[in-house]
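Heads up, the next two complexes both have chain A, just with different partners, chain B and then chain C.
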Partner chain A sequence: MKKSYYLFNPGRISRRDNSLKFTPVDDLGAEGAPRYIPVESVDNLYTFGSLDANSALYNFLGKEQISVHFFDHYEHYTGSFMPKDFLLSGKVIIAQTEHYSNSSKRLSIASKFIEGAAFNILKNLRYYNNRDKDTSVQIDTISQMTPQISSARSIEELMGVEGKIRLTYYQTFDLIINDFEMGPRTKQPPSNEVNALISFLNMMCYTLCLDMIHHTQLNPTISFLHQPGYRRYSLALDLSEIFKPILVDRLIFSLLNKRQIQTQDFDHQLNSCLLKENGRKKVVKAWDDKLNETIKHRSLGRNVTYKHLIKLECYKLVKHILNIEEYKPFKAWW
Partner chain B sequence: MSVNGTLIQLFHICPREMWLHTHGINMEHTSETVYDGKLLHETSYSQRPEKYTEITLSACFNNIPLTGKIDFYDAKQKIIHETKRSDKAEVAHEWQAKFYIWLLLLNDIPDVQAILEYPKLRTSTTVQLTSHDILHLTNTISTIQHLQQSDKCPDKIQSKICKSCSYYELCYIEE
Partner chain C sequence: MYIILVYDIDQKRVGKMLKLCRRYLNWIQNSVFEGELTEVKLKELLLKAKEIIDPSYDSIIIFSSRQEKWLDKQVVGLEKNNLENMF
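Let's look at the complex of A and B:
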C-alpha cells in the first residue's frame, strides 16, 4: 500500500540505486543519519522543510509517477512537481471542455458540487445538533437555502448561494468548538487558531484533490464551479468543496474538542496565527490517519478509504462528461 | 483507428471495457491483477526471449487497418506462444490468438498454430484457426470499428468477472 510522506525536516533527498535516500541536514550544514525510503511505498511527497534535490531525482520521481508538493515557511501551498501526464485521453479533454463551454451543462455540474457540499455541511450540523450543540437555527437557514442551488440561473448566482451557506455554516464553528473562538473567517494571514487550521487543512484537501485528479484522465485546469485556469488547478477547488465538510471540518472539530491540538501548538504573532512545527506534525498525522480510514461503500460493496472517495468522484465526473451516467455528488450517508 | 489483438480480447470479455480502452480511459495502472500478469509475463519461461522473436504485424482488411504484437513467435515451427495469468477469460484469449494467426495468414504465412500458456495453472491450450473463425473475426472487427466511432458507451455487463476488473470502480460507482 502506497502512502504519503511528509518531509518536515530540512535535508537532501536523492536517488540511490532504484530507491530514495533522505539525508537530514541541520542549520549548520551537518548531515544526520540517512533514511532509506523504498520507492514502491511512496504515493507522493509533501515538503514543508527546505529540501535539496537534483534533476536525477526528479527524473526518477517522474518515472515512478510520484508528485512532490511544496509549502513555504507560512504553510502556504506554493506548487507541485507533477510527473508527465500518463493518462491522456483526447476524448475526455474534449468532452470536459465541451461541458465547460456549454453554459447549461456547466451550471448543471457546478450546482451538483454545491448540492453535495451543502448536504455534507448539513450532515455535520445535524451530527452536532444531536450532541448538545444547538445548531438548529443554522440548519433551518441552510435547509431553506438549498432549493436556490438548483434554481440558480448562473454561476455567479450559484456562487452567491454557496457564499451564504458557508457564512451561515461558519457561524456554527463557535458553537461546536469548545475552547476556541473563530469569529469571522480570516485568511492571509489567519487571525486565530481555528482560522489557521481551516486554512492549513483546506490547502491539504486541495492538494489531495489535485493528486487524485492527476490519476485520472480529467484535466485539472478545466473546472465548472470555479473560474478555470487562472492561478490554480481549479477543478481541485471544485472537488474540494464536496469533501471539505467531511474531511477538513470534522477533523478540526475533533482535534480541538479532544484537545489534541492546543494553544501552545500555534505561533501567535501580532496579526496572525500559524501552526508551529510540532502542531503541524500533529495535524498532518491526524489528517493522514483520517484519509486512511475506511468506510464500506454503498454502491461498490467494498471498503474504501476517505482518500479514495475523491478518486471515485473523478470517475463519476468522467462518466458524466462522456454521457455515460449522470453525475451525483458524494453525500455522506452514515 | 486500427483494430489490434488487445481490442479483440477486450471485446470478447466486455464491449464496454473495449470502448473505454479505445477512448483512452485506461485503468490498468490501478490494478494489482494487471501488474501481476505483467510480472508473470516477464518472469515465466525466462530462457525463451533468446530463442523466439517478438514480432509486430499489420494488415488491412476491408479498409480496416489491423495490427498485432506477438510476444513469442516460433518461426521455425510456426507457433505463437501467449502467456496468460488465468483461464477466466479463456474464450477471449482464444480469439486474440486466432486473430494473430489470421494476421499472419493475411501476411502470407499460413498454417500457424497458437499455444495459450497458463504457467500458474501449469496447463496450456492449442488454438487453430478455421474458416468459420475467420468469418467471426471479420464480423468482430467491423463491430469493433463501429464501436470505436460511436459516442455511446456500451452498458455494463453486470457479470461476476466485473469484480476483478480494473474498471470495476469506474463502472459501478454511483453516488
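Let's look at the complex of A and C:
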C-alpha cells in the first residue's frame, strides 16, 4: 500500500507538521513550489538528485521506519539510510551463521539460488522462443548445464556453473532485442545502451532486495552464494539472482522492443553510456509499475505484488534456516 | 482503499486539520485530499480528526472506493497538484 518515492530534482526535504515537505531547487538555486509528501504513505525514498536534509529529518524518518537510498551521478548505488533495526532475532542470526559456516548446509542453500535463477532464465528464453526468436541453442546449452548445479561440490564450482549459464544467457540478448546491439556484458562503465540498462536495473533490484531483507529478521551481510565480504550486503546479491531474470531482464526486453526507451534517452560519453535524466525517469517509472503488478500466488491463494514476492522469499529463507520448512526457490510458472 | 476526503471546518481549526491530513493523504485542492490508505490508517486519521473538530459545527466527508482504478477522475482547468511519486 505504501509507495516508494523517487526524487530526481535537486532540492531540500524537511520535516514539516509531522509530515514531509520537498522543496525543489533549480539550477540557479531558486526554490520551486513545495510538495507535501504524506508521511504515512511513504515506504522508502530513492534519491537520484542532490538532496539537502538535516538530522532532525533523519530522526523523524527513522521513527517512521522510512529508509532512504542514495545513488551517485553515475547511477551507482552508494548507500542507504536505514532506520534502527526493529526486527531483531538472535535466534535467526545464530541459525543463519550456522548455515553459512557449515559447508554442506551452505552449499544446499546456494545451489537453490542458482537453481531458481536458471529456471527463471529458461522461462524467459522459452517465452521468446515461442515468439519468433530462435533461442533453442541456448535453451539446450543451459538445460544441459542445470544438472551440474545439484552435483556441484563446492561454492566455487557452483559459481563457475552460474557464470557459464549467465554467459550463454547474455548471448540471447542480441537475438531478443530488436534494434539494439548488446555485445559482451560490460560494467564499470557500461559500454552501450543495453549494458547501461542492465547495470542500472540490476542495481535497483539489488537495492530492493536489501530493503526487503531489512523487513525481516535476516542479517543482510551473511550470504550463502556470494562470499560475504566487507562493506557489502551480500545476501541481497544472492536473493537478487533469482529475481533478476523475472524483473530486470523482462523489463529491459519490453522497454526496448516496445520502443519506450530509445537511443536519445542515453548519454554517450567517452567509452561509456549512461541513461539521461529523462530516460532514467522513464525506466524508474516502468520499474515501479512492474513492482506493483500483482500475480496470483499459488500456495497463498491471493494476489501479491512482485515486491511482496521478494519479502516472501526472505520468509522462506528464515523458515529454512530455522529448520521449519525446506527452502524452495521461487520459480515463475507463467 | 482509495479515499477522497473533504472537509468544511471553521477557520479557527482548519489549519490543524490541514496539517493532520497532509500526513496521511495528498492535498489536491483547498479542503480536498485524496490517496491510498488502509482501513486502520483511516480509523487513526478519523480518531485524530475528531479531537480537532467541533461536531456541532464542522463536517468531514469521506468518499472511498476499493481501488483507485474504480475511480474516474476528471480535472477541468488547472490541476493544482499532480500525484506523481517521482519528482
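Keep this in mind: the second predicted complex is superposed on the first by the 332 of 334 C-alpha atoms of A that agree within 3 Å, B and C clash if a C-alpha of one lies under 4 Å from a C-alpha of the other, contacts with A are read in each partner's own complex, and residues count from 1 in each chain.
Operating definition for what follows: a contact is a pair of C-beta atoms (placed from the backbone, for glycine too) under 8 Å apart; a residue touches a chain by one contact, two chains touch by 3 or more.
Everything numeric here is computed off the predicted structure, so don't read it as measured data.
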Discussion item. Quick check for you: in the superposed arrangement, does A:K281 touch first (chain B), second (chain C), both or neither?
Written reply: second
Task: Pick one for A:K91: touches chain B only (first), chain C only (second), both, or neither.
output: first
| task | Report for A:C205: first if it touches chain B alone, second if chain C alone, otherwise both or neither. | result | neither
Handout entry: Touching partner for A:L322 - first (chain B), second (chain C), both, neither
Key = first
Check your understanding: Between chain B (first) and chain C (second), which does A:L197 come into contact with in this model arrangement: first, second, both, or neither?
Key -> neither
Could you say whether A:K331 touches chain B, chain C, both of them, or neither, answering first, second, both or neither?
first
### Message
Tell me the contact category for A:N18 with respect to chain B and chain C: first, second, both or neither.
### Response
second
Seen from chain C, its contact residues with chain A in the complex are 19, 22-27, 35-38, 41, 81, 85-87
Residue positions on chain A within touch of chain B in the complex are 86-92, 215, 217, 297-300, 312, 315-316, 318-319, 322-325, 328-331
As the complex stands, chain B meets chain A at residues 23-26, 29-30, 151-153, 168-170, 172-175
Within the complex, chain C is touched by chain A residues 1, 3-9, 17-19, 22, 24, 35-36, 38-41, 281, 284-285, 288
